[in-house]
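The same subunit A turns up in both complexes below, where it pairs with subunit B and then with subunit C.
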Partner chain A sequence: MTVLSVFESLEQGPIGTFVKDRGATFASIEAVHLLAFALLGGAVLASDLRLLNVVLRDVPSKTVTDNAYRWFTGALIVMLLTGFFMVSGIAVKCYHNFYFWVKMSALATGILFAYTIRKPLLSGDHSKLKPITLKLVALASISLWFIVAASGRWIGFS
Partner chain B sequence: MFEKWVADFANWLAATDWSVGMHESFYLWNWLESTHVLSLMISLGMLAVIDLRMLGLWMTDVPASKVAARMGTPMFIGFSIMVITGILVFTAIPVRYTHSIWFRIKFILLFVAAINAFLFNRHMHRSVATWDTDKVPPRRTRIGAGLSLVLWVGIVVCGRFIAYDWYDCGKFTNAALLWATGCAYVPAN
Partner chain C sequence: MAEQNKTSKREIVSAVIAGAIVLTSVIYWITQIEGVMEMIKLANGG
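After this line comes the complex of A and B, so read on.
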């Protein structure tokens, strides 16, 4: 079984058929994906810009990051679900699309980074971390999610 | 009269070098549209933080006025990028957009969202001192914030649907839709 055959069977299967059957189905799922993306953007930017001392400087950074994780996780789950449905409808196109694989690589890195490095690091007392560490974590997080978003948009153009 | 004015304006804009250049550029439109969409992370993302605080769902341990004031600037920057790139994206394909039912609904929703934002700000400045530190703000504040989010959901959905040609002029004959899109003023193709 090749990766391509998995993508082919996904597109020809019941989910792929459901998504492709009517144009409005794909478009509606896409709109929900976009809304969740805006919410994820809010959670990422609010906490990372706080770590960079750009916004909410008079609010403890831990208050901001702790508050944002719940919304980040919620938005991510919606994006993963809607993203799976979207890919099912155009699976073979995605398989042959360079930017799809860029997005998937950045997404996997982003999720791993968020839950295995960023969250454990920021769950403790922020004052015990070096300011440069907090800033690097924020920059890495913003960059990763920007790549996920930008490459995702470019899938539609290529 | 209104439709004639809209059609004349769109046709005039479409004939300008500026519009033709953007429309025919291989990458420019893609870059503009991508910037328009990506800036949602800043504009709508920051707006979501503010509105969810006003609904008593996010950062409830931070005073509401502080969240609104601190997130307001990046939100405004995001909206400015969206408006500028939105106008440029529109300039590239004005005739199609002005006859898109989704574009027209989006425009109305944007107008209503602007009025709601104005009224919400006025209400907040007048009364915030009495509920600033409440975890869940008063009902009127929550209604304004909820309405703001609902309107923006509509704006994003309509914005996304503009890309689809389901109701482009010439693809339907429904009289109400012909009136609502102004398609009666352009030749069907």
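After this line comes the complex of A and C, so read on.
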């Protein structure tokens, strides 16, 4: 069994057929996907720009990052679910698209980074961390999610 | 003390990984800049 055959069976399966055969289904799922991504992007920007001392300077950074994580997790779950449905409808096209794999790589790295590096680091007292560490973590997070968003849009144009 | 060392090690690892991600992102966008310019031209009807 190859990766391509998995993608082919996904597109030809009941989910792929459901998404493809009904005109408004893909568009509706994509709308929810984009709304979830907007929420995720908002959570990422609010917490990372706070860590970079750009916004919400009068609120402790730990308060911002802790609250943003709840929205981040919720948005990520919705994004992954709707993303799976979207890919099912155009699985073979995605398989052959370079930017789809860029997006998947950045997404996997972003999730790993968020839950294994960023969250454990920021769960403690931020004042005990070096400012350069906080800024690097924020920049890395923004960079990763920007690549996820940009390559996601790029799939549609290539 | 042990806790302090553990935290310090985590911070160093986090900073190194974050730095590597930022560097990789910059390299990625440098290699993609030609494609980005082409997309901007297309978006502007070029």
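Everything below uses one rule, namely that the second predicted complex is superposed on the first by the 158 of 158 C-alpha atoms of A that agree within 3 Å, B and C clash if a C-alpha of one lies under 4 Å from a C-alpha of the other, contacts with A are read in each partner's own complex, and residues count from 1 in each chain.
The rule is short, and it goes like this: contacts are C-beta pairs under 8 Å (C-beta built on N, C-alpha and C of every residue); 3 or more make two chains touch, one makes a residue touch a chain.
Keep in mind that what you see is a predicted model, and the values were worked out from it rather than measured.
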First, second, both or neither for A:157, with subunit B first and subunit C second: both
Which superposed partner A:13 touches (first subunit B, second subunit C, both, neither): neither
Partner chain(s) touched by A:147 [first = subunit B, second = subunit C, both, neither]: second
Touching partner for A:121 - first (subunit B), second (subunit C), both, neither: second
Partner with the higher number of touched subunit A residues, subunit C or subunit B: B
Partner chain(s) touched by A:131 [first = subunit B, second = subunit C, both, neither]: neither
Which superposed partner A:113 touches (first subunit B, second subunit C, both, neither): second
Shared contact residues on subunit A - subunit B and subunit C: 146, 154, 157
Residue ranges of subunit A touching subunit C (in the complex, touch as defined): 102, 109, 113, 117-118, 120-121, 124, 128-130, 132-133, 136-137, 139-141, 143-144, 146-147, 154, 157
Residue ranges of subunit C in contact with subunit A within the complex: 7, 10-11, 13-15, 17-19, 21-22, 25-26, 28, 39, 42
Residue ranges of subunit A touching subunit B (in the complex, touch as defined): 23-24, 27-28, 30-31, 34-35, 37-46, 49, 54-59, 63-64, 67, 71, 145-146, 149-150, 153-154, 157
Subunit B - residues contacting subunit A, complex: 30, 33-34, 37-38, 40-42, 44-49, 52, 58-59, 61-62, 66-67, 70-71, 73-74, 153, 156-157, 160-161, 163-164, 166
